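Presented sequentially are two complexes of chain A, the first with chain B as partner and the second with chain C.
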Partner chain A sequence: MPVFKTPFNGYAVRFSPFYENRLAVATAQNFGILGNGRLHVLSLPPAPGAPLSEIVSYDTADGVYDVAWSESHDSILVAAVADGSVKIFDTALPPAQNPLRSFQEHTREVHSVDYNPTRRDSFLSSSWDDTVKLWTLDRPASIRTFKEHAYCVYSAAWNPRHTDVFASASGDCTVRVWDVREPGSTMIIPAHDLEILACDWNKYDDCLIATASVDKSIRVWDVRTYRQPVSVLNGHGYAVRNVKFSPHHRNLLVSCSYDMTVCMWDFMVEDSLVGRYDHHTEFAVGVDLSVLVEGLMASTGWDELVYVWQHGTDPRAP
Partner chain B sequence: MEKALNRQKVLLGHLQPSSPSSSHEQTPLSSSICAAGDSAAYHRKPAFSDDVVIVAAYRTAICKSKRGGFKDTRPEDLLTSVLKAVLEKTNVNPTEVGDIVVGTVLAPGSTRAMECRMAAFYAGFPETVPLRTVNRQCSSGLQAVADVVSAINTGFYDIGIAAGLESMTLNNINTLQSTNPKLEIFQQARDCLLPMGITSENVAERYGVTRLEQDQAAVESHRKAAAATASGKFKDEIIPVATKIVDPKTGQEKPVIISVDDGVRPNTNIPDLAKLKPSFKKDGSTTAGNASQVSDGAGAVLLMKRRLAMEKGLPILGVFRTFAAVGVDPAVMGIGPAVAIPAAVKAAGLELNDIDLFEINEAFASQFVYCRKKLGLDPEKINVNGGAMALGHPLGATGARCVATLLHEMKRRGKDCRFGVISMCIGSGMGAAAVFERGDSVDELSNARKMEN
Partner chain C sequence: MDTNPQPSGGSPPKPWEQSGASTSGPTPFKPPSPGTTSDVVEASGTARPGEIVTSTNSAANRNTLGRPVPTRPWEQQTYGNSYGGIGSGMNYNSGFGSGMYGSSYGSSYGSSYGSYGSSYGGYGGGTYGGGLYGNNMYRGGYGGLYGGGGMYGGGMYNGGLGGPMGGLGMGSMGPYGDQDPNNPYGPPPSPPGFWISFLRVMQGVVNFFGRVSILIDQNTQAFHMFMTALLQLFDRGGLLYGELARFVLRLLGVKTKPRKVQGPGPDGVPGPHNPRGLPAPHNPHGHQNFIEGPKAAPTGSWDNVWGDS
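Here is the complex of A and B:
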């Protein structure tokens, strides 16, 4: 299966929602602690066995922690940069004109970005300055700032059905659900006892949220009955860094962890661990599932490698 | 810089699960500088192909000085045979070698450097290949390897040979005499003059290593070395040397081929060792039985960039990770490994538990036992094929000998054995240690390389 070696440490990977053979990778030098960043746009080989090739890459003055594809334009990318900026890149433009925009509002590292998948006109950024910001491409400043969390907001994710609803996961150990039409958060879930590093909505049931935490567990919550989690997935040996629901199966989700593994789970069955991949030799930080190709997975980590593979196969197999 | 520290703090928070409410101030985790590069436990350089790897490591048999197999062999001939072997076994073109560094201790510096240069010619090296010697006492061989690695890393050359040579038949350990009046004031300088045996007694006394423990270590060393010899383990690393032996009585010369270490005594046992008198101090505990043997021998190691090794299709025996030399009190110079090993292991971004195999030179049982206990090492992991008490300790050659023994043993053990450490104490109060990684455990990741076209 294809592998790509990035010069910096991998932070995030996302499949394009428009092209089944395209993905973006966010990387940062020196583990994102100090140095530059680079955003890669990669292309899967037409035939199996060939390497991943790079279509274009963009350098940034600080690490890139996350990347999201625009849902409305096939060439536009949004990058979360550690210097607090949110940058827009257009692969259709010559390199000299990139970044297309740079929004400098967050006062600390921007840790995640998510493009609205239903209305397709806006995106969210979450930052270590404890806030989430709402943006559109055509406005010079953010539309709104959501400030309620008491510590770093590691992730913000749009609800796949309700176009104004999103969830945010924070180091203050809570997940908050927001409706952009409301003045404050509409729900606070004290989801874990330790920091929450990621959250995602189920693509088939708009009431389910998965949360990934430093307590090594993943929990699935139903926002209608949020006193108890629907499911607790134990099995990672260290903090769970990221979690994503499958776009093709209601009950499947994928996670990656500081224990260097990528895991696939079925949260509805008792023996929930479906598969474990230990191909990374350092923290596995970024993971994604392709919307266009069922079962196609991608991961990246601090070992500077990007893997793309079909679920059930060995990512390292040549 | 403050930004970097804050980021580090946030990330460390992910790894040390302590809720914000509870106040765990001391955490086992802390950030530290990793001298090996940007991370631990896998290729740590921006370019994986820039690793310095060992593609060949060979040694002669180690023979007792004055009585053993090499008593009538010139030292340069010993070196010639190992230099020749690394060329022949790898088919490397000698003109490509950037430098030969030879660790050697007792022989007068310039004379020995000249002899080594002659050995290079005997081994078939052209005049264009330079050579130098290095002397860090007992770790000269290891220092030679480290020197070549650092030169390759710096880019002075791409292929180098590190070797070690000692003929203790020809060159005795002379006790240094000094009448410098400053010695009155400088206690530690004065301690440098102590015979090594006395420093061993000091270690035993200061750290409470008993005679029985020392004798047991010697018995173990002989037992393991005998088992390794009997099972043919050393055949991979020993280069047979064709030489001669002169009968001391008749003066008759006899051609022989030496391919087995001759210091090993399989029947060594505690009661016999207990009968031996202390060699250095009346009421001491260091005897001829629980100290390293005085020996002749040589070893050579061929190093190059991983890229080159792969181009040439050479097997990668191991990757040189880190090296550390540290100073200790000269009066107890034997404790060197107890300080040097943690330093080298830390620099590699590893912990002692990560190390699967150790070669710790047994200069004296006292210091060997002390270091083992001090570091809390599993005896099953140390000197699995015996050490200097059984095989011998040809000072300058020991480092190169250990590289050959360690890497061949790691190869035999396969995947379960990823990291190995070599360490020795150094006369006048120092210790040196180096961390090696099995080459092929890293090769697994090599599918990443295909992408770089």
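Here is the complex of A and C:
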């Protein structure tokens, strides 16, 4: 399956919600510690066996930690940049006019962005300054700021069915559930004993959240009964960096970890580990599942490689 | 390529939207409000456009947790409060984290900040002691002292990093000496370019260590990798391990005579006329105590770091 070599270390990968053969990759120089960043927009080859081709790429002055596609315009991308800015790129515009916007409000690195999939007019950014910010493209500043976490917020994710609800995962070992109409968080889940690096909502059960933590485990929580996790998924050898529920199957989720593997899980069965892919030779930090093509996965990592493959096949197979 | 072109109406419907099944029971969420996100948020009265939050604000929230929260790597030195007073919203405090590495980095950076903290105060930024001292006649001396502090901290704990920074704090106080000493509350002069660029460099350093610390927070593997790389970097001059070994032996009471390159220098200053081992003015490398012999140091700051034993 196709592979793409990025000049910098990969940080995040996202499939386009509009085009089944397009994806965006966020990268940062020197492992994201020091240096520039680059955002790639890649195209899958029409025939299997050919490499991924680059449509366009954008340079930034600092590393790009995350990227999200707009759900309202097929050419617009939101990038989380390590200098604290959130930048909007439009691939339909000439390179000189990009970035279209740059929002500079976070005082520390922005670690994740997520576009609202239901109302499709707003997005969230979460930052190491402990806050989550809500933005729309038509406003020059953020609409509001959610500040309750006591440590870096590593991830914020919209509920795919409740358009005003989202969850945030933080290094303060909690996941908080928010409603944008409420002044404070509506729920605090002390989900792990160590830092939580990512969270995601189940697409078919709007009350389920998965959390990925430094304690090497993934836990699935029901927000109605959050004293005990619905499921605990053990199997990663190091901190779990990212987690995503499948857009096509209720019980499947995918994760990537500092143990350099990408894993597929079924959280409802005893032997929950469905598949393990060890194609990365450095930390695997970005993973995504295609909404438009069932079973199509993408991952990126510090080995500067982007893999796209069908679940069940070898990502390295030519 | 354009298999699903729907540029105007938003992305294609999601598979879970088509499935219809939504939940396994009643949900605790309020039903969605109609309208755009900005309208909904504004109608709820929670909108605060463009709010800037510095990370220190959330410190009050820490007790909402039942467990201790680690200190942010860029928040570990209390020197940072003074820079907050400058109004830049930047956090200059560093420190490297915890454990044995933490102490050495923390001390060397902390003290070097001291050196430029006082100089910054010299042109009246903020209410920190630096501002007070900086505007009176003791300006130069104070800065010097602070710079010396940096040198001391660095020399004691971390040789390489602390030394040159302390020296910088000491040596560069000159430009502020010509401010009016009788006008402590006057408008601050425009900051000199050197200090601004220096601060930017320092923020880069702080950012660097902050990000490394976050990575270490997230993963011990990264910590190992980083320390290996750092040790390799320090050892590039061939100094680190030799000096470390000598230092440890010295602690154990073993007197190791450094191999002094003492003989007549190129300028013909003979050894006997230089009994205290001071280098001759034109022979800056005449007093090296490297175990590995007279290898040229990358900078002069490595010389004499461990004293003259």
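We adopt the following convention: the second predicted complex is superposed on the first by the 318 of 318 C-alpha atoms of A that agree within 3 Å, B and C clash if a C-alpha of one lies under 4 Å from a C-alpha of the other, contacts with A are read in each partner's own complex, and residues count from 1 in each chain.
We take it that contacts are C-beta pairs under 8 Å (C-beta built on N, C-alpha and C of every residue); 3 or more make two chains touch, one makes a residue touch a chain.
Everything quoted here is computed from the prediction, not taken from an experiment.
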Chain B versus chain C as contact partner of A:P51, first or second or both or neither: first
Which superposed partner A:N21 touches (first chain B, second chain C, both, neither): second
First (chain B), second (chain C), both or neither touched by A:A239: both
Partner chain in contact with A:R144 - chain B first, chain C second, else both or neither: second
First, second, both or neither for A:T281, with chain B first and chain C second: first
Partner chain in contact with A:E195 - chain B first, chain C second, else both or neither: both
Touched partner set for A:F4, first chain B, second chain C, both or neither: first
Partner contacting more residues of chain A (chain B vs chain C): C
Residues of chain A that lie at the interface with chain B and also at the interface with chain C: 31-34, 82, 109, 128, 151-152, 171-173, 193, 195, 197, 214, 238-239, 241, 258
Residues of chain B defined as touching chain A within the complex: 3-4, 7-8, 10-11, 13-15, 17-20, 38-39, 41-42, 46, 444-445, 447-453
Chain A-facing residues of chain C, complex: 1-7, 10-12, 14-16, 19, 21-30, 32-33, 36-38, 40-44, 46-55, 57-59, 61-62, 64-67, 69-70, 72, 89, 204, 207-208, 210-212, 214-215, 217-222
For the chain A and chain B complex, residues of the former touching the latter: 3-5, 7, 9, 30-34, 51-52, 82, 109, 128, 151-152, 171-173, 193-195, 197, 214-216, 238-239, 241, 258, 281-282, 302-303, 305, 316, 318
Residues of chain A defined as touching chain C within the complex: 17-22, 31-34, 43, 69, 71-75, 82, 105, 107-109, 116-122, 128-131, 134, 136, 138-145, 147-152, 159-165, 171-174, 179-183, 186-188, 190, 193, 195, 197, 203-207, 214, 223-224, 238-239, 241, 247-248, 258, 283, 291-292, 294
